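Have a look at the structure that comes next, please.
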Amino acid sequence: MRRDGREPDELRAVAIERGFTEMAAGSALVTFGKTKVICTASIEEKLPPWLRNGGKGWVTAEYSLLPGSTPERSAREAVKGKQSGRTQEIQRLIARSLRSICDLKALGEVQITLDCDVIQADGGTRTASITGAYVALVDAVAELGRRRSLSNDPITGQCAAISVGVVGGEVVLDLDYSEDSVADVDMNVVMNDSGEFIELQGTGEGSTFSKSQLVEMVRLAERGVSDLLELQRKVLGR
Amino acid sequence: MRRDGREPDELRAVAIERGFTEMAAGSALVTFGKTKVICTASIEEKLPPWLRNGGKGWVTAEYSLLPGSTPERSAREAVKGKQSGRTQEIQRLIARSLRSICDLKALGEVQITLDCDVIQADGGTRTASITGAYVALVDAVAELGRRRSLSNDPITGQCAAISVGVVGGEVVLDLDYSEDSVADVDMNVVMNDSGEFIELQGTGEGSTFSKSQLVEMVRLAERGVSDLLELQRKVLGR
Amino acid sequence: MRRDGREPDELRAVAIERGFTEMAAGSALVTFGKTKVICTASIEEKLPPWLRNGGKGWVTAEYSLLPGSTPERSAREAVKGKQSGRTQEIQRLIARSLRSICDLKALGEVQITLDCDVIQADGGTRTASITGAYVALVDAVAELGRRRSLSNDPITGQCAAISVGVVGGEVVLDLDYSEDSVADVDMNVVMNDSGEFIELQGTGEGSTFSKSQLVEMVRLAERGVSDLLELQRKVLGR
Amino acid sequence: MRRDGREPDELRAVAIERGFTEMAAGSALVTFGKTKVICTASIEEKLPPWLRNGGKGWVTAEYSLLPGSTPERSAREAVKGKQSGRTQEIQRLIARSLRSICDLKALGEVQITLDCDVIQADGGTRTASITGAYVALVDAVAELGRRRSLSNDPITGQCAAISVGVVGGEVVLDLDYSEDSVADVDMNVVMNDSGEFIELQGTGEGSTFSKSQLVEMVRLAERGVSDLLELQRKVLGR
Amino acid sequence: MRRDGREPDELRAVAIERGFTEMAAGSALVTFGKTKVICTASIEEKLPPWLRNGGKGWVTAEYSLLPGSTPERSAREAVKGKQSGRTQEIQRLIARSLRSICDLKALGEVQITLDCDVIQADGGTRTASITGAYVALVDAVAELGRRRSLSNDPITGQCAAISVGVVGGEVVLDLDYSEDSVADVDMNVVMNDSGEFIELQGTGEGSTFSKSQLVEMVRLAERGVSDLLELQRKVLGR
Amino acid sequence: MRRDGREPDELRAVAIERGFTEMAAGSALVTFGKTKVICTASIEEKLPPWLRNGGKGWVTAEYSLLPGSTPERSAREAVKGKQSGRTQEIQRLIARSLRSICDLKALGEVQITLDCDVIQADGGTRTASITGAYVALVDAVAELGRRRSLSNDPITGQCAAISVGVVGGEVVLDLDYSEDSVADVDMNVVMNDSGEFIELQGTGEGSTFSKSQLVEMVRLAERGVSDLLELQRKVLGR
């Protein structure tokens, strides 16, 4: 029995509020239990130098924990003068994940930046970020389509992510912070709507995992992602 | 006549949503028209080195524009590796303003950090931050009072702020971005509930202002602040 | 009675030594009592990227306290690796002030940088910097005129600045460090020679100020600036 | 058929030269084909602040590409002033992997830093680093045992790592750079000598992977790690 | 014949204005022709961590070119965020030179920082800095002696420095910028009043030098330093 | 008698392993006793901005101590976020030395970077770096000649370096760390194969040196360099 009464294979209450802010081309507030992330997608005409005049666009991501998003205040990285290794790992993961469902040629020579700013952190912020950023990205691409004609749809599929892990010897889905902090194993799984894997990152934090645990974690993740993909479709009115 | 139909001495629609997030000791979402700022107040037992063992506490502030808060994406300061001069000016102003209505001795040896993160920027973000941070601060001090007994109330008054300016030759209250970007003069006024001034910063951006314009700007600011102080009281149930 | 015997509305001994150094296009050593600042104005053909090919020039400023300028040595910012928030605030103020009396179109596509390096700090360094930088700027513009023909005078007026404050309940002009460190209120006022305000920044450091004190501070500042403008004219031989 | 003639499940020529340098407490030069990494393990009495007086030690890692290790020179991170996100990801992975086979209590209050400096980079540098760092760590712990008596062996198992991936539709073991740069999928697998997984990081770079490909990659990785574990034992004379 | 009419072994007009500023414990303005450097010596009770409680003091130095000290403005290092390699080389040289004539035990547990800020740069700024810093140091040590009793004199000798070089095939003393920029060889020589060498740094910039040129450069340097040592004595009233 | 039994004018065992790594255009492992440095020379088409389109090339250098190269681990500069003053001094010295034997016009518009990474540090790392970098440079220039036709040989001579010093009152050649750490005087001498001096840097660390000691140090250095130049020729097959 989990602390909050959930079954091992049960997601927390999940919601995506599309269009949460109105300045960026696309935005969403994504909620997994107490975890809340503002995802925005901004269109910039300027590409990074190594991509200019290559006939392709780019999708990148940045991530932060707002200082007040945790019970103990998290130091602001702009004050410390650099992003932590953890932040960089997460934003690289978000960007790779979303690029995997984009046709960068179809996008044309623009950059879309996905900003994922966590306003409440209770575990699973990176997977919530990926799941919410997808909705912001779709709306930004639609906005791009209103600004210029796009011959092909730059969005080639759906993408969502969930965490799984081993807590107290049992494989569970969608760990909250109280579970994550005592988990033996923590795995983040990013998938598309063809049932294929985009990323799979499993870590035995102070512990290890067997092949059978790996198989069971993957099975739960497939279930969780499937529900998230359906929520994305509903939110986007498909 | 102003672009959005307001009278010269009229505030935008203003709102404060108390307890907007639940991790920090106090929080508020403050709205001035399209400008929206998440203000959180976090309690830390650790004081900055120069204040340790002095029998007093400290109130400080940090400010940021989230990258997606502006129509053109704002570069993330954590990526650039430093806070801009503008950011530092604003967060120093917020901190001085709120300290002016605090009894740091009554607070005891704790630090309260006010984080003001702008999620939509449409002018007046610094004055909105001050006005909202007050509500977050009051709730954080109440939380502190639940954790330990406070012999005196560390909050000695109320504090709110508004911008005034000269636009097209006319003195107006609470400029939005479309006004601010063409204003001859821009002034930020921070006041307390005794009708006294805490800060007053007037800048002739590419222009100058006369003494009579100064007097008129101050008069409008007094009116605006008065309404904001009343809103704060209402939100706090006083 | 003030510590150094001055009347409330009396300036310290003020002097401007024009051409103090000979490498920069313009320079001045400005003295307010024990406060001494070397101001230089350097002409650069290279504009910041966002201004290139716009048919206009730029005036900017940088400020520092030399480490030996204070009785307790001030840490060198080049060693700390960044400029403090205070330094940035001050140099932004100096630059805005001097730009307000410049016709950037008449200047043509050059940048003039005003460097204000404090060699003795005894209060009022930012207002002394503005007052001295004006003289350096005038000489740099004259030098620019010798290098190329300027159709209009890029200098459209005069600019000087002074501090006022409330010390022990009394409004006083031109605070030295011993006054500044115990002042209830500190206000910096930048004006031009038409009697208009360029900047006005008042701070209640641990205190607040009433409207009547504001009016009185402004009155004293007008007097002080008037004397400084006259000194500038005399030094420049007008 | 692979470019260099290897079978899909064949490792490159692998070697570990124990004691490659003599200043650090432990060291090894690890070779995977043309990839060469100097691994050193240094003992420091000083723990990071958050671990002091906790009765436990720490194992951490740092990673770099020497500028001359790649055909196109790699910029030196000390000159750029920061470590890239990629570098931080890798060194965090190395450290977590090696900590998983350490008993930090048995280590006592010392820190061991594993430095992995790549002198030739031809793919698989992070897995080579983990595999070589193990040997350096074992020798550093032996040296620690000579300096002070250790009641229990701080090394609780063996740890090695290998990359697998999908290249041209085929699952292959131990990718060199020419394969890695065109791979559809790249996965790094860290395991211990109980056949358990420590880390598993799979990325579909511009592609995705199916569950059956995942299973096949894991199978090849198990084979590769098994050979590396045996090599480690041989090098260590066990 | 040299451009400015000097003989090969002739110094420029040299002067030291003792007590140039009054905030630091010691100060001097040193002039070598058009080169002018403000040297201050500040006493701090706080030692760097590695020297604390060792019964000894420390003498260190920092150097900068003020931006307006050169005809082409020199970028401010505090803005660039770091000191250049050249700056660090120079300040390390100044510090080593002055420490060589100090008895750090006699100094007691204080740090004296020598700040050398160049206000006009026309070649030879590092040797001028050393020569002037000596005078500032002597006065700071005298001030230290007034604050606490010193059993032994911490100043054990005199120290001065001069540049020599090969210009157009001829060995010359005290190069100005016009000579330095075309010199084949540039050598800085630091000596004490016993005729011994403290530092000797010779560089063939795009050229090399023979042993006989080395001998001749050393001979000229000895003469130049001898005059500077006498000037120091005169300025200090000895 | 020296600790390791050498005569005062005797070098340690010196070796240069040409082609130590195979990715860079040139490389060498240079050994002076226990001191070992990997030197690589990389060719880049891209020149620094101030040299572009000038018809000349550039030779630069970077230096580091690998963290595990010293018995007490040396902190990694990429982690500290900047190169120390010592590192910058050394790499500037290496670059100047090698440029002195290059014809930058003959090189054409390319940059060659000499990376000197110390894998074992036992004194004399900067002189070993210069001596080994010469071999790497020669091989990189040969490789450049294979890529494009060079009308003149860009290498105009040979260059090697050695340290000399005063230890316990005696002048000795090629100090190891145990000697260097107690030396009264330390001098690095860089020479070419015409018997001319390129650089000469002598420092009295806590001591000074007389003219006769200077002459004796130079004599020993000439002998040492002569042997090193011969070793270079032998290694290069000349």
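For clarity, chains are labelled A, B, C, D, E and F in written order, and residue numbers in each chain start from 1.
As a convention for this text, a contact is a pair of C-beta atoms (placed from the backbone, for glycine too) under 8 Å apart; a residue touches a chain by one contact, two chains touch by 3 or more.
What you see is a predicted model; the values in this text were computed from it and never measured.
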Whole-Å gap between the CA centroids of subunit A and subunit D: 28
Centre-to-centre distance between subunit E and subunit B (centres being mean Cα positions), rounded to whole Å: 50
Subunit C and subunit D, separation of their C-alpha mean positions in angstrom: 58
Multi-chain contact residues (two or more partners), subunit B: 81-83
Chain contact topology (line, ring, star, complete or other): ring
Chain ring listed from subunit B, with subunit C in second place: B, C, E, F, D, A
Sites on subunit B touched by subunit A in the complex: 21-24, 27, 34, 36, 38, 40-42, 44, 62, 64, 66-73, 76-83, 87, 113, 115, 117, 119-122
Complex interface listing, subunit C residues touching subunit B: 82-83, 85-86, 88-89, 91-92, 96, 99-100, 187, 192, 194-211, 214, 218
